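Per-chain residue numbering starts at 1, and chain names A, B, C and D are given in the order in which the chains are listed.
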Amino acid sequence: MCGIIGISHHKEAGKMAFLGLYGLQHRGEEAAGIVTYDGKDTHVLKRTGLAVDNFDEESIAKLKGHAAIAHTRYSTTGGSNIKNIQPIFVTHRKKPIAVAHNGNLTNTEELYARLEAAGSIFQTSMDSEIMVHLLARTTNGELKEWFSRMLAQLKGAYSVVFLYEDYVIGARDPQGFRPLCLGKLDEGYILASESCAFDLMKAKFVREVEPGEIVIIKGNHIESTFLPKIQEEGRAFCVFENVYFARPDSHIFDDNVYQVRKRLGAQLAKEHPMQADFVMGIPDSGNYAALGYAQELNLPFEIGMIRNHYIGRTFIQPTQFLRDFRVRVKLNPIREVLEGKKVVVVEDSIVRGTTSRNRIQEIRAAGAKEIHMRISCPPIVSPCFYGIDFPSTKELIAHNKTVKEIADYIKVDSLGYLSREGMLEVMKNKNGFCTACFTGKYPTPIPVNTDKLQLEKGHTVTP
Amino acid sequence: MCGIIGISHHKEAGKMAFLGLYGLQHRGEEAAGIVTYDGKDTHVLKRTGLAVDNFDEESIAKLKGHAAIAHTRYSTTGGSNIKNIQPIFVTHRKKPIAVAHNGNLTNTEELYARLEAAGSIFQTSMDSEIMVHLLARTTNGELKEWFSRMLAQLKGAYSVVFLYEDYVIGARDPQGFRPLCLGKLDEGYILASESCAFDLMKAKFVREVEPGEIVIIKGNHIESTFLPKIQEEGRAFCVFENVYFARPDSHIFDDNVYQVRKRLGAQLAKEHPMQADFVMGIPDSGNYAALGYAQELNLPFEIGMIRNHYIGRTFIQPTQFLRDFRVRVKLNPIREVLEGKKVVVVEDSIVRGTTSRNRIQEIRAAGAKEIHMRISCPPIVSPCFYGIDFPSTKELIAHNKTVKEIADYIKVDSLGYLSREGMLEVMKNKNGFCTACFTGKYPTPIPVNTDKLQLEKGHTVTP
Amino acid sequence: MCGIIGISHHKEAGKMAFLGLYGLQHRGEEAAGIVTYDGKDTHVLKRTGLAVDNFDEESIAKLKGHAAIAHTRYSTTGGSNIKNIQPIFVTHRKKPIAVAHNGNLTNTEELYARLEAAGSIFQTSMDSEIMVHLLARTTNGELKEWFSRMLAQLKGAYSVVFLYEDYVIGARDPQGFRPLCLGKLDEGYILASESCAFDLMKAKFVREVEPGEIVIIKGNHIESTFLPKIQEEGRAFCVFENVYFARPDSHIFDDNVYQVRKRLGAQLAKEHPMQADFVMGIPDSGNYAALGYAQELNLPFEIGMIRNHYIGRTFIQPTQFLRDFRVRVKLNPIREVLEGKKVVVVEDSIVRGTTSRNRIQEIRAAGAKEIHMRISCPPIVSPCFYGIDFPSTKELIAHNKTVKEIADYIKVDSLGYLSREGMLEVMKNKNGFCTACFTGKYPTPIPVNTDKLQLEKGHTVTP
Amino acid sequence: MCGIIGISHHKEAGKMAFLGLYGLQHRGEEAAGIVTYDGKDTHVLKRTGLAVDNFDEESIAKLKGHAAIAHTRYSTTGGSNIKNIQPIFVTHRKKPIAVAHNGNLTNTEELYARLEAAGSIFQTSMDSEIMVHLLARTTNGELKEWFSRMLAQLKGAYSVVFLYEDYVIGARDPQGFRPLCLGKLDEGYILASESCAFDLMKAKFVREVEPGEIVIIKGNHIESTFLPKIQEEGRAFCVFENVYFARPDSHIFDDNVYQVRKRLGAQLAKEHPMQADFVMGIPDSGNYAALGYAQELNLPFEIGMIRNHYIGRTFIQPTQFLRDFRVRVKLNPIREVLEGKKVVVVEDSIVRGTTSRNRIQEIRAAGAKEIHMRISCPPIVSPCFYGIDFPSTKELIAHNKTVKEIADYIKVDSLGYLSREGMLEVMKNKNGFCTACFTGKYPTPIPVNTDKLQLEKGHTVTP
């Protein structure tokens, strides 16, 4: 996962892009970057770690210009390699091109082979770099044709923003895997992965960029062109954005995430009802479905665990000693609330199962008598090739165990997962979602060689 | 406010003290320190800022020893002056004495004058240093007499831990302003301002240190002595710890803070009921009373604002530009939840009124039709001389405005504060609380010269 | 100016390369980098500032591999832009290529235009990047043909080392502008700009790489190939390396620099003799010629100014206040030595004249009665297009003033420059030197557009 | 060794004190501090490491005030303990007192015992803190009596500056172990350990503070008082300041250090003459005596080793790997100068012998045929209790070996030390020097317990 931002026209475009990163920080904690253009020069700022911690005012102030794009990066691949921080920025024929990309391409093997045979040199191990090489090898007549021709060669998931001199160009792949929202900011436009970024800077939500749409923005002027349409059944919105990844205050895929999650919780209550002393969520992400579950069954909702806001930076490189400690420091159960109680605990999803097992153990140690766990999505059984960084299948607990076995493993009195049908039932675009992680049925051909890091031959310690 | 910790016997006492600071970090974000004793040498680690961010593993590993005390500091007085970080550590007659103090003394003028006339040199501007000078000038016969004699000279609020060679000594002033809890950790004991610190390291809560009690611990041996008793009506537990300051998962003043806050919310619902589409709290501190309020009136509880966990370090020194932004970045209201709704918004307290005003403005801008605010304590009208860092009276909105005027200022459709009687009604020690900040009636003589920093004549840039 | 290093076969090639940078640090203080190859992966470390200060042991330890190249960078162009730190490292057809370059190419305009038209994207603003693009577009049959064909397209100055998998390849342009030395280190070979780098790691000087020579080294195997020969009169060794730039303990251009400088001083004494109380040099660079001058005339040599070794890092970004102070802090004249004396002051060269003027002022203020300045090279009148970073001609004092006017400006009683003929007279390759900075007669066509930074359209603040 | 500075009246006293530290940096590389007073507040800046590297402009700018004292600290005792950085600053009876001290007291045992019995608490492990405690316990009538009475209780070596509100007070012990110079700076006065500090800020040397003198300066007013006089034979100027420690451009003990060292070299030539191809010094400290030696015998002087100015910060914590490398990186011998030659190598002193052995080995490896070493002081056989940080006697090579054995150990063809008589012969105050390190005869009673760190019971990791 990653978050991307584009700002077409603001006297402090760089600062605005930085503020936007606050709203997208949850989409990528590994690194972040901003590129601005001031009509003459391009300015770049990149940092590993959290943008909100590691970007300093002085450096931000140097990001002069009225147009900007930004990126926040999630993937742990490439580690602290500063070369792999986006936006990618190159100068081609003395004109600057920058790109920030969310998603993963699926035909990279073929594209790399073709480009390298023709003499291209790749500076990063990010598939996103392919786009600038394709641009450099395509006659650049009119902008919309140039970018359309380039994008038409890509397969897979991409929500992407480009900065080409004064132009900010946004695009979303025809299947629409990743969200991309369009807003109005002062005299120009703003693009962002999620609409919550708009609220921070008082930008106005306009609409989502459509699947297959390319928006070309210069200052206050906006124009759209479209890649060849595919049928609506071909759409593949990532349902996991709704289940877990996106922020609850965002509006994506035509719906508000908080409302979707409450409806998932209510549907979960219908499928797996349980009378209990109260319902609690695993904070914060489980709280929304827990509220829906509690309201559906008219059960009390309680905050059974306190989230500690001081989890500290020391955890960046945890030792064994601290790793054990980390679960407890994040969430502390309240004995006086839990003691002797029968509780429903709602979680958004289970990936490896180890965290859930730890949480349940803590809740039981604090005195809970019966624990009934409810999950607001189906079991996750397959990896994602479109940008969600799930572990390998052998680490996915539901790939290897039945629901009953999982319940035994995490030691709950009962366990209920939401069904795929129930999940889609409460969505606005019932037929337009990719649910491959729950089914193993992928909406695109997937590459034979799935090693995402095929190009990466080195390890850069810089700077 | 500050948080203090003492560990009497653990092979990694320094690490344990550090882990304890995670649980007390909310009591002090300005600076922190740990002192350990290994039977021969004393080891000190101090840092400005958050302990959980700024203490590194390598430095913590150097804190050898089986006994430790620690401190986390809230007060903004003294700024980044590393001299004013506790624990204070001195060597007296070749024996190490360290002290960590939570609270404020009220007879410092007189004590400073007496000590300086006799040739004492003060290294810090913290009143806590007085204690070590008094110790240095008192015949040290038996430990319990030595410390009793010293503490008997103090007036005001103190929960305090000392490290004197192998001994960890904890004490609480006879009125009991600040909490201090006793726990069992492996083969020794642990002292901490709040019990939530015990959970993190799987220590067991034993009891609270009593007002006027001095506990002298060496390894696994514990012994108590008492300062002259005062009548139970003379007790002065800080009610604001329950209202706002302490963590909801702590057990202090004979009660669980989460349960107290829910009861405050329920009492508030009785005093100021309001039918509405739903009840929400200002996250996170307002959520507990909001739950109590909603349950009492059988109204839905919703999460109307999303708390952003990435508020960033840049805010430590905010510019005007970022200061405006800060309110929004912390809490973002959800339009789809609020639009067209009549809502009850519960907050724990109002100090200056500016933050509440900003929050209400955001909630209304997100579409709320009617906003009824409820506060789970009475109006704050007077400063605290016992350790809570309220602003001056001229900044306390309730000192200067009526409830009606406050409602107008923060622009709510109605405003209701909990009464003092209602607040005490739900407490376990109804008659034992200090409520001076709500009444101006102080349980001790207060100093004529209330300038807390009378000694501070310098500005230290170190290190 | 820059310094380059290549190490073909050492179990700690990265560490050895780092040690080598100690010996070449004077050739570049702006930034440095090391690239190693371990048979499978490539490792990169880059830092701005002094390598000897800013490279840390932990990062160096990660530079695994038995082959390495390194670079230290002088040019202030590109500022703190980490993109412009060498070695340049790219992956081409899954094989790593790295390059470190000393010198400047003179046909970059034409090469950029050709490559960009064919779709190349440039990541840096360094002309050195051209080499890897040319390699990527050339059929790579046998290594020596591949590199020969690529190098044959370049014009200008280059001493260069490449790392291509296990191979370390060194080359020097046919005119031989910049030095490049070959040494033996344990079981492999070492290449370095100057031989002083060998001494540090007890490597043995073998010989210099010849002008137009390409050495292809793998482990212990070494093979040479040659670019088309040019006549000996076409050689263009940089005389300024001997006059000022190279270290006195280096052996370059078939001679020892210390001995050359003493001979320059002796020749200077013949051309501009002066009886005086004593001879002193401006430390440290002027001392060698001063010794030669004093011995030639049998005058006492004294150390009239003390060099302060603590000039501090604060000067990296000097304010006006400190800038005035900097001259004095570096060199302090000794009153007791200078008072009432007639002195000959020897300096290696005068560029802008401001520093010399300041020094002379200090010497006179310390009591010198007569000051006779002697310069061990001719007046500098023209810029260098081959790698020495002289200021623009309008700042070169000798471009704008006669010797008499310069003497007046720096306020000396007499001023004598060494003649071009005298300078070449004491050299071992009398006819093989480029003296363009003293004559304006360049040994290659020079580009019409002399702006070295034509590609640089951006400003990167990273990291 | 340490360096101290006082500035009585300058609008930027803090900046001036910082500039002065450039001139005294060689007297202490471990840590440094500045204290200023602005008529109302006192400002303190302390840093470990080199002042010239680690003090930043922003922090220096905060040092407001017209009076300042500063200190640079040499001793490795106490390590990175920020508590032990001087100046010591305390507030007594609401008035600030700061002190910076060079030297070591010899009656500390007795003074500590007396003060602690009376209730004093010590914050540091520096003997200098005793002075402020003595001041705090003495009636402070007139300043000159107050300070006289305090200083009269001290024994041992001290050159010291105090800041007491507007007053800058300087004092030197009656035997005058350490230098202290008085200068005129603008409208006020300046005190500094060595006169070279004056040159940097264009202050004018006035005179040295006399042994036993106390100068009390306020703004432009200066007044002297004296401790009880002792006979001139009782003087104990540190001869090692002249031999090695002080800067050659300083004027101390009534003489210029450069001239003294040349005379030591000339005297050495008389005592141990040797015909050779040339004379060289071990740079930089051996060069001055080498010049004197060469001139006396009319031999050529050469620079046989090149000093590398880039020795790097990595060496602060050297590993074994780098420790071996360090000798070579600092000084590189020039083969072309040394090969086949008979050379006299002059060094100022030999302490452990390991460094000399290494240097000689390098010189011989570079081809020298015969090496005759000459040392410009007598053999060092005893420790110093007055501030020079020699190693323990068992590490002093001359304590354990004869001159012949030392020559064998460092592998020279001959070795000659200057005699004590010869050394004193060329001094201006022949009878006023302490030569205890060469004789073991101490000019004061020395403490039985010579452990300088008796108070140090802790290890502080701060900050």
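The working rule: a residue touches a chain if its C-beta (ideal position, glycine included) is under 8 Å from a C-beta of that chain, and two chains touch if they have at least 3 such contacts.
Treat the numbers as computed from the prediction; the structure is a model and nothing was measured.
Undergrad: Kindly list the shared contact partners of chain A and chain C, in label order.
TA: Joint contacts: the list comes back empty.
Undergrad: Quick one: point me to the chain whose Cα centre is farthest from that of chain A.
TA: The most remote chain is D.
Undergrad: Indicate the whole-number Å distance between the mean C-alpha point of chain A and the mean C-alpha point of chain D.
TA: Centre separation, chain A to chain D: 62 Å.
Undergrad: Could you put a whole-Å number on the gap between the CA centroids of chain C and chain D?
TA: 38
Undergrad: When the C-alpha atoms of chain B and chain D are each averaged to a single point, how far apart are the two points in Å?
TA: Between these chains, centre-to-centre, one finds 49 Å.
Undergrad: Among the residues of chain B, which are close enough to touch at least two other chains?
TA: none
Undergrad: Chain pairs in touch?
TA: Listed in label order, the chain pairs in contact are A-B, A-C, B-D, C-D.
Undergrad: Any idea which chain C residues touch chain A in the complex?
TA: Listed in rising order, the residues are 33, 40-48, 59, 62-63, 82, 85, 89-96, 116, 118-123, 125, 132-133, 136-137, 455, 457-463.
Undergrad: What residues on chain D touch chain C, complex-wise?
TA: 15, 19, 22-23, 25-26, 50-53, 55-57, 196, 199-201, 247-249, 251, 256, 258-259, 284, 287-288, 291, 295, 300-303, 306-314, 319, 321-322, 325, 328-329, 332-337
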